[in-house]
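Next up, some structures in structure tokens.
Okay, so chain A shows up in both of these, paired with chain B first and chain C after.
After this line comes the complex of A and B, so read on.
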């Protein structure tokens, strides 16, 4: 158990360092001198030299890198070129929105997808299996922004049931409950569209796993013991298929994060993904690097959470006899 | 060949459309053809279609049978030349009600350039209306027959073109710049296909070589490569692509290169597991024992084994690349001069297709992307079934 956790944590740290290193070097291979891109070319050479000192660009590359790592780990991302405010102040208000979007989309699509997949495996050839197969094809082939644009056109423009854009109404309503409801009202269409696109592939994976599991001998044994069908399905078959289901979560996560960036753009949400796009389009490199880092951090954290769930669901890890997967 | 699968036929049709569709266009798709956000002709109602006519020395008068609402603009452009010394001619506009407007007068000189636009203030002044009125409305008061003619001295050369931008256009209407959406749609097929196939081919070559090396060589190289695959698969690719495209530039070939470099992981995994199982098989061991070099075994035996699987992964991988290209274009991170379906959706989202209610800007490119992806998915499954007939037995996967 402990060995498993040490390995997982070490892996997470390695990925994090890799992301930081990629960030550091990506933003330094961009064409042109860093200083020349942010100061007026009419500055005197002495002033430019002072700027280089001010930004620490006169230091050797490796000490620049160590400073960079330290600042990334302490969330000190510097000043945004565009807004002239600390990047972290800009990001702090956006992280909860992105986390809410990602969290609700993941939770809902995993619940719906798992249920659909299990039911589809139980009754092969039935209506539920057809629904699962079709929604799977949809989620593999329909671009998220297209589905979201159509949803916007239908439910926000033609029939104005939902807001066209933004994370909160302006002006913000008074009182806690109206605020929460207003927030959920704004979240419904973005999160709903992500669920609509996400549950299909999930259902197909779960169905394939469950079809395999339902053919095994212990399921036959459970049926022979006279257990009820629901009990066989959920307590016996699904329980043993649960660890691989959790690995689906790991596989689906990067796609959902990518989808969240596009979703935030379509619905103009106040989130990290939209901030990343705006920073890239505005050549605001500190902000873009920080937003990229935060997205990677969110992914790595969810990865670790899934690992924790995996270790609880898989008795081989929980008991710790065979730490190998 | 399983030609009964609909997707092979559909792929063939898409290829034909991609090759011959843009060739069949007579006009540059970037040029405006009607007013912005003009609806498709088949739902346009009584909005006027685009109209143009030419006045020439042989044909100095044109009749227009007008059956629609008045257009928003009218333009007359061209050159006229006269042979006589003392020219006295004028351009007349006669409405069905019998009103006659004098649009332009030609006096004295023998060469005239005409450039009239109903939106010009000077033109409105010459008609005697205020600059805030719509001159085209005044010139088209009712339905019926309009006559535009050159009267007075007959011209000897040159021609004038009368153009009315339409309020409805073609099969799929126009976009925010008045461009024909159907032409843009046809041109966009090429980008989707090119990026999808080229990036996936690149990724497959990379994945094949990395997977073969990893599976066949084993040991430290194998575990290093597989660790890298794990890491790359656990990081969302879109933000990486966004950052790289934002820094390196938005060209089409750069995009293909970047997409290829970030999507070889799945193929590498599949090929590796195949190579692992083959490495342990008896015939490969026999080959080794008679002194075959690793390269020979890889090239002559493992590669042919891997080919059907590879073909299936290529076909299954194309939708990913197409969706990634469309996503980046939708975010505005593509070359604005290259027309692609993602770019069309980007412009629809960014330039007010919603407030214009212009669904014809959203549905065609979106459905196009989806259909191409579905076709490649189904082809991939068909190839998979050919390569591994066991998949067929249990019905559809």
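After this line comes the complex of A and C, so read on.
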């Protein structure tokens, strides 16, 4: 059991190192040079050279690489080429916004979708099943930016119920409660759009799992025991169908970060996704590298967490347990 | 006593209606073992699940199933929920997928004790261990998950679960069909022994005529939804009157040699 997790953790570290290496080389084979993008073309060659020295770009590649690895592991991401501020400070001011956006969206869409999916499977052919199937196909077929732009047009422009852009009002309201409410007001439309686009696929996924599970013998036996329908549904059927749902939930975490790039751009939010996009476009190696690194860290930890969650939720795959014949 | 009177069960689909049970009348007395034998698809299982009203919504009933003065066919949902397990418990093919895979065997037994008998969690778990011991499993198997038990052990766990509320009747649907012959004999002996000791009624449904005949008091032969012959196992084995009974018997004679 412990041996397994040690091996898994070692594998995760190896993957992380590979990501760091890929990050490092990828940005250096990209066309264009940072110095050319942040300094005026009229700068003298000597001034450009001083700039390259300042950023350490004159050192041999392998020395640059070792410095890079050490810094990544200590979360010292250097100075952003574009903003001239420490990258970590830039990220730190954005992470809470992105976490709030994606966290609330994922949590809400998975809860709504799971509930719908379970109820749809319980009453085949009923209204809830139709809602689940339609919303599922909608969320698969509409591009997010389109839906988000339509929502913006409708609920921020035509009927100005929500703000058009940003994470906070300017000027910022006074007092904690007004600030929180103002923040939630700004979050409502972007998070709501992600929920709208996300819950349907959850509903379909959970419905399909549950339809299969509800046909199992143990569900019939649970009914035969005279347990209430809700107890049969949640305690026996859903609990048995839960492990793959948990896995999808945790593996969806890194996936929706890429959704954050579009959402934060459409709603002009101060978040990691927009930061990543701006950094790539501006050849800002330290910033983009750091953003990719954080994303990789999130992916690797989500994977580990998915494995752990699965083994907690499903005794059959608990590593180290042996079935007896 | 569970009295089945002119019971018909038909599955109504949009395309056609499929009769599964036709005009069956049968008494299942308390304290006795009644067996129904017949080929697969003959309506035996529909009859068992019908008694617990566990059939899918497309099944329609006519006739009656009386338990005391209550007609199960028309009883309220609340009455049925109370009837299930407290009065009549089901023993399914435990070797297959009858136990919820993600809940320990003990917790599954304890659940009925908590919900139906109002026991506290701790008492219920202790009682679950005792019930497992009664069926010949160690009490600490309560902590195991279904996949950690063999087919025969799972079948014993399912029987222990059925005994939890000391019901008046056990309804056993092919309880040993997925087991090898030696385990079959062990499990059926355990089941019959427990039922006899506690004076419970057992309805055993199986396609295995010799197995049924070896333990039952009354044997009913079911064929295409009808009960075609009823009697003591000795009389039926000696002089079967219906052609289907003779078919069932000769099938075993060919495979297993002469029956005693």
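FYI, the second predicted complex is superposed on the first by the 254 of 325 C-alpha atoms of A that agree within 3 Å, B and C clash if a C-alpha of one lies under 4 Å from a C-alpha of the other, contacts with A are read in each partner's own complex, and residues count from 1 in each chain.
One rule holds in what follows: a residue touches a chain if its C-beta (ideal position, glycine included) is under 8 Å from a C-beta of that chain, and two chains touch if they have at least 3 such contacts.
Given the structure is predicted, the values throughout are model-derived calculations rather than measurements.
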- Message: According to the stated criteria, A:240 is in contact with first (chain B), second (chain C), both, or neither; which is it?
- Response: second
- With the two complexes superposed on chain A, say which partner A:143 touches: chain B (first), chain C (second), both, or neither. first
- Query: Regarding the shared-chain residue A:26, is it in contact with chain B (first), chain C (second), both, or neither?
  - Reply: first
- More residues of chain A are touched by which partner: chain B or chain C? B
- Query: When the two structures are overlaid on chain A, which partner does A:299 contact: first (chain B), second (chain C), both, or neither?
  - Reply: first
- Is A:160 in contact with chain B, with chain C, with both, or with neither (first, second, both, neither)? neither
- Message: Just checking: does A:152 make contact with chain B only, chain C only, both, or neither of them? Give me first, second, both or neither.
- Response: first
- Query: What is the contact status of A:221 with respect to chain B (first) and chain C (second): first, second, both, or neither?
  - Reply: second
- Task: Mind working out whether A:175 is in touch with chain B, chain C, both or neither, as first, second, both or neither?
- Result: neither
- What part of chain C is in contact with chain A in the complex they form? 52, 54, 80-86, 89-90, 92-93, 96-104, 111-112, 115-116, 145, 147-150, 158, 161
- Query: Quick one: in the complex, what on chain B touches chain A?
  - Reply: 231, 233-240, 242-247, 319, 323, 326-327, 330-333, 342, 345, 348-349, 354, 357, 359, 362-363, 365-367, 369-370, 373-374, 377, 395-397
- Of all residues in chain A, those that touch chain C in their complex: 216-218, 220-228, 231, 235-236, 239-240, 242-243, 313-316, 321-325
- Message: Applying the document's contact rule, which stretches of chain A touch chain B when the two form their complex?
- Response: 14-15, 18-19, 22, 26-27, 29-30, 124-125, 133, 137, 140-147, 149-150, 152-153, 157-158, 164, 208, 250-251, 253-255, 257-258, 261-262, 265-266, 273, 276-277, 280-281, 283, 288-289, 291-292, 295-296, 299-300, 303
